[in-house]
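Each of the next two complexes has subunit A plus one more chain, namely subunit B in the first and subunit C in the second.
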Partner chain A sequence: MKKEEAAAVQSGYPGWSGHFRREPEVPFARRGRHLTDLIVGKLLFIVALLAILIVFFIIGFLLRDGYQIVLEIGLWNFLAGMDWNPAGPTPSFGILPLIVGTLLVTALAMAIAVPLSMATAIYIAEIAGPRTKEVIKPAVELLAGIPSVVYGFFGLILLTEWIRILFDRPSGSSWLAGSILLAIMAIPTITSVAEDALSSVPREFREGSLALGATRWQTIRRVVVPGALSGITAAVILGMGRAIGETMAVLMVTGNAAIIPEPITNVFSPVRTLTGTLGIEMGEVAFGSMHYHALFGVAVVLLVITLAVNGLARFIIHRIQMTPARSRASGAFMQSVHNLIPVSLPRQAKRRVIHPRTTQRFAFLLISLGVVIVLAALGVILLEIIVNGAGAISLEFLTAPPSNLGREGGIFPAIVGTLYLVAGALAVALPIGIATAIYLIEYTADTRLTRGIRAAVDLLNGTPSIVFGLFGFAFLVLFLNFGVSLIAGQITLGLMILPTIIRTTEESLRSIPKSLREGSYALGASKWQTIWRVVLPPALPGIITGAILSIGRAAGETAPIMFTAVVFSSRYLPSSLSEPVMALPYHLFILTTSVPGADNQKFGTALVLLMMVLSIYLVAILVRRRYNRATVM
Partner chain B sequence: MDDSTILETRDLNLWYGPKQALLNISIRVPKNTVTALIGPSGCGKSTLLRCFNRMNDLIDSARITGQILFEGDDIYADRTDVYTIREKIGMVFQKPNPFPKSIYENVAYGPRIHGERHKEMLDDIVETSLRRAALWDEVKDRLHEPALALSGGQQQRLCIARSLAVEPRVILMDEPCSALDPIATAKIEDLIIRLARDYTVIIVTHNMQQAARASEYTGFMYMGRLVEFDRTQQIFEDPAEELTENYITGRFG
Partner chain C sequence: MTGKRLSGVTAVALAGILMVVLMAAGCLGSQPSGSPASPSQQITVTGSTTVLPIAEKARETFEDRYPSTSVLVSGGGSSVGVRAVGEGTADIGMSSRDLKPEETGMYPGLVLHHIADDAILLIVHPENSIESLTLDQVRGIYNGTYTNWNQVGGPDLEIVVIGRDSASGTREFFGEYVMKKEDFIRSQEEFNSNGGIQQKVSRTPGAIGYVGLGYTEGVKQLNIEVDGNTIEPTLENINSKKYPITRPLYMLTNGEPEGAVKEFLEFIMSEEGQQIVASVDYIPLQG
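Up next, the complex of A and B:
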């Protein structure tokens, strides 16, 4: 019976005769594709291995130079010594005040940043409508895009002044100023990671709670936040890592006296951090001296601290990924259902003194206040710089070299230098980064090697930028004898952005569904054909976004280039890779800290740098948004 | 069996890590017919299907013993080219998985990767394949629009066209209709029946009516074993095994 049916259908079947066929082939013979697969696979493997080698190399190099100081004065005297006075007649190298300074500045910064970030994250994830969300999210991301030297500039020119006047102190350069700046800088990191965690709590649990008569605030507090707790913890730790590793902004506002505040709660005392010490002293230290080794020792301590912090975050995030979101949230959900049940019983409800709706109103008010503070911080910084900087911008300013120590003339060589640095950094990092990511995602299962590479990438990602600067200085400038040069800066910046590029590329490759790869393989495509034609094209926008974000980061960084590539003033553009260049962030740094009476130029430089970096970030945000829209279907 | 055999397994065993998913499967799939694989969820239908074109190579934990012969050649032999096997033994998946490219590019993808460069040739292949998949009339005016804009049923027929474009000898289909509505399902069933004139189709399905309507042979699998394999009519009207009968009549957990 089926046969007849089939025949009937077949009779009306179109296009059956037009057969196409390539010549018959030897069945199953191997073809060149295997060779391509093999070669590409090996190449990618070698590049990925390079990522690990780089990390070991950086660490090894720092240890080599830092170990000397421990040999000379002993580990205990180094870590617990109360006196940091490397240039005195009897130099002493105790870094305890620096460690304490770092911890104090970070702790207070976290105390400010965590509540504000949580408010913002909760607002974005749970309260804001789609419209508001589309404004606030990019605004917070813009905060992340402002270069740290611009924060430092703002801090030094305004924040410290406000503190001085408001609290009637001789100087506003203080622990407090450093912490406020660091808080502003850590907010975007904490907010975006925490917001992700909140948003990934399944919707059913919110609805389940609301259906029991809970208010939105009760739902947030008892279901959503507990469900996202580990993600939020990780967010805080990541923000902390960022704060500990920050150099320029802190260095410019903390006063940099290597003392422990007296009493320990005196937030108006100047302090000095580990990073600040490196930033200030590395430039003028004699190669190979005790002081030189002590600074490398400081870098190693800094690296160990950030490593520990980021390792903790990684561990927590890893644990989250191990437990499926559902079971995590459902645990919290069941508990909260338990808590909520009395709410729906009238007798209990009457006993309440404060109505839940009142509590909600109060909570939402506080949250909104937090958001307003964050937005205000962004607004003040942007406005200050735009209003004061706009007057300085002229054609001459943009196209002329500086004169009279930057008090006159323009910043043309600095703009060009920054572009050169960024282009070189991309040329270093893009090929290595993309190849490594492709290897990690497409070529290996979860082996010890890939785990090693991922750990190395994470380590590199958490490394403070000043440590890259130190490595570049010691290895490229001194050891390889590149001298302070464009190429040394490009490589240093390239290493710094490498982890970002690897990560974002990995993420976008991972977001391409397995079913597409299978569809391609099922047609007889080779591995490389599948990657090249099916996986990479839709992953491209994500990869480009990552690259653009890296450009923004590289353009704004000061610490990695200040000992490796830049000079303060140069009338000419570099004519080869081995010459030093001017760069916008460094120019701003020197104008602000060492050239009195160049106000106009300072604001102008800050504005140009800010606009350059922010427009880069804006492009990234737009690319991502378009891409997200395009893939919704 | 009266038809000549195109695919055959001999004592095929498959493990996912320590867990055995296929036990001693020996089956002979006749040429130019539709063969249905039925059985309760988790019995190994998809696993068996994915053995036929070595898609299981992509799963690291999978390990097999035994033989699979395609027209007498061992597809797991050392000298065998896995890419050529998949060119000859195509696969259509449960969920339509068109590439995020245009309709045209989806169909042209296969011929392209196998070295076809001539535009006219590609045009020709695309049209013929789309016609064979009974999709041509619906898409001929918008070949260069994104494939993802098609409906689910159209997408699945596009995926069929895509695998036809490399001229396979066998097409493996893993529950190709489970994501589709009844009308789209009926279209695909028609298509499967027609395809059997020139191709060998092996289809996994949970739908008894579909197996009965569309296939000439049916294999019933249970807990990693092939319990029974025979003409569909035989299986549905007078199965040799009680287990099969219980399953088909719905007297089954």
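Up next, the complex of A and C:
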């Protein structure tokens, strides 16, 4: 495939003979090419700046509505106040319990998710045979495709119930329930990124270690995992970002009492997170009131926490990257070699009472247990929804508008609305995202500006979806006066998936070997010609995968659209971009929380949403598999 | 010759565009044949999720009656309704509470239309043996004075207090009418919808919650004791206002309503409209 491209470039460029005959034309052609290069470069540069601009806009608009609360009650009282009681006789706006709640829920979620994810990642990368791998890897990735409102739905109906009965508590809505749910949601992210990192550790390290007589577990622990450390750290941080920013699932299971657990380790205490506060109170709050400003203040704090986590992550990854992966892995490798030679370390050999094979058996048992738990979680959620939802699916359900508050009729306008929202979001994000990625990879060296753009993209990536929703509401719906409309939702969702598209495009551009570009330049092709004809075509599958993953995310999100784009019900399909639409995740949220006696429709909607998002993910996985096979050949 | 590489990219791009177009076309094509192509005018109704069922049910009949008008109903909360009407982004707002001073200050032109009343029920788990409470006892439970059901004549079971979020109109009313502006106990679990509370209470043996009239599946409604009389939350008692916890529901317009908006509001106030109000478990206006 690569040879073919090089050949195509070659044939596309005038050869020697042409050069001689058309001598006077060449400078013109060159100048034209340079001009194109210049213009395209500038254009891409401007588009790339958008990412920074968006970040400033988001911060600006949140601050615009949030700073009054600090003026009114003081920064210290806001951040360290113990009471969140905005509607009380003497309103108080202390958000310390909310901050603590967010941190506690996230911390415990990570404590559950990281070991399970590591076990699954290690299993997929190092232990599973190719057949098993082909099943488990996509299965875990499908977990990432389940919309968060579906998790919330599952958590509200089953998880809190199990916790209440199992631990004999008066109520199951608790810190623990929130953390378990967030852990399940973070596991796919952590697992797939960590697995990528493990798989990219060079094969010869493993072979060297095994050749020296190390067991597979010793190889994994001392050679492979240390070698993949930077990727694993990134994975954990990404998962943490998802956990901190999650709204819809968390608010359905934590009980939302604004208290700090007593004692602080009481995992059965109800807690309230920053995102949950925004999710449940934003819709009803009186505009311009102190409470309204306080909620924007909460959004700013949430953004700052995300920023801090991201900053920390960048710092850690940077530190780890200071020592290049290869040398670090080989350092670890050398050390493991030392450890394996009993003569050089007789002291350790004597102390070793447990045989390494026993350790290995034990470790593998734990790892398998982790994988089983993860797969069981997936299975339970899917089964519950499929079994209960299958009965609701009928032709009418799929093609009719809802009636009687969604208790009867179908969900056709919601299906179409979701498709419109997703198509619009892609139309917004795809051109901007790809242009930004091309600029970052192809046009610039590592300057302060590109670092700024990258930081902005990272920040956007970590920005909670509810913050996008608030921004869309404050900026698009109110400030630009779009009203609650299709276009406001499309732009909001587009901004939300922008970082994913930039990231995946960057990754796939980076994976194109430098030699291809150099070959193209050597043949006299201009920069833009090289990008358009040599770099982009092989990068396309990667870009498509990224786009498809974003579709899945956009289709399943509730928080960004609930203040910007959706209506409860509509008999007609929208006829212009300025009309609001129905959407599946919001419809499910409303059926679950506000319409009694719609159990059938509820499960049916959950099933349709799940199937829609999962089939999109399945396409992504298939595209990638095809692509992988192609490169192997 | 140079077109060769280009065509690879273009082909995929074209295929992508084609797919999107086909998807859109397929969706439009399969629009149910029963619905008219495009109604000539639209009314947007937005706001309180409590009032929403009335607007939604009324819409279904109204659209059959006036096929040239389409009504778009959306939720979001009372404040969204007030703001949307005030800003002109919606024609009709829905609110389950009176206007706040900030709101009347910002939008002096708003007109309140009282369209129905709502009762608030106290609900417990079906296996809870408690039958009735006085309003003082309810307040005692919600402010943390009572923490076990046996303190108010029930079984020996810890009370799990469930309430609405602090921005809710229902909570505001409950806070003023039942709580007499006292603070709620801080460990109260909060949900942002009637349905959320109902589901929670129906699954939690020690729970108590307050909801609107329609949300009684799987839970037990408590009687309220007023001056020694036990009053059941039956429709009769509620309609006659014997049952003590009721509140007004509003629709709002910016200035006096005109045209289709006026027709819609008049429809809701008509006898047929008020029957719809009753059919979605609210209290119709008397005369």
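Everything that follows uses one rule, which is that the second predicted complex is superposed on the first by the 584 of 633 C-alpha atoms of A that agree within 3 Å, B and C clash if a C-alpha of one lies under 4 Å from a C-alpha of the other, contacts with A are read in each partner's own complex, and residues count from 1 in each chain.
As a convention for this text, a residue touches a chain if its C-beta (ideal position, glycine included) is under 8 Å from a C-beta of that chain, and two chains touch if they have at least 3 such contacts.
Computed from a predicted structure; not experimentally measured.
Look at A:Gly283: by the touch rule set out above, it reaches subunit C but stays clear of subunit B.
Contacts of A:His291 after superposition: subunit C is touched, whereas subunit B is not reached.
After superposition on the shared chain, subunit A has more residues touched by C, the comparison being subunit B against subunit C. By the document's definition of touching, both partners, subunit B and subunit C, reach A:Val534.
In the superposition on chain A, no contact is made by A:Pro130 with either subunit B or subunit C. Across the superposed pair, subunit B and subunit C both touch subunit A at residues 5, 9, 533-534, 537.
Listed in rising order, the residues of subunit B touching subunit A in the complex are 53, 55, 58, 60, 71, 73, 75, 77, 79-81, 83-88, 90-93, 95, 97-101, 109-110, 112-116, 121, 124-125, 127-128, 131-132, 136, 148-149, 159, 162-163, 166-167, 190, 193-194, 196-198, 212-216, 232.
By the touch criterion stated above, subunit A contacts subunit C in their complex at residues 5, 8-9, 11-12, 83-89, 156-157, 160-161, 164, 170-173, 251-252, 255-259, 269-270, 272, 279-289, 291-292, 399-401, 403-405, 412, 416, 419-420, 423, 477-478, 481, 483-484, 532-534, 536-537, 540, 544, 562-563, 566-573, 575, 579-580, 590, 592-597. Those residues of subunit A that touch subunit B in the complex are listed here as 2-3, 5-6, 9-10, 13-16, 18-22, 25, 27-31, 33-34, 445, 513, 515-526, 529, 533-534, 537-538, 631, 633. Residues of subunit C touching subunit A in their complex: 1-2, 4-6, 8-9, 12, 20, 23-24, 27-28, 30-32, 35, 38-39, 42, 44, 46, 49, 52-53, 56-57, 59-60, 63, 70, 72-80, 82-84, 87, 89-90, 100, 102-103, 106, 157-160, 165-169, 171-172, 175, 181-184, 186-196, 198-200, 203-207, 214-217, 280.
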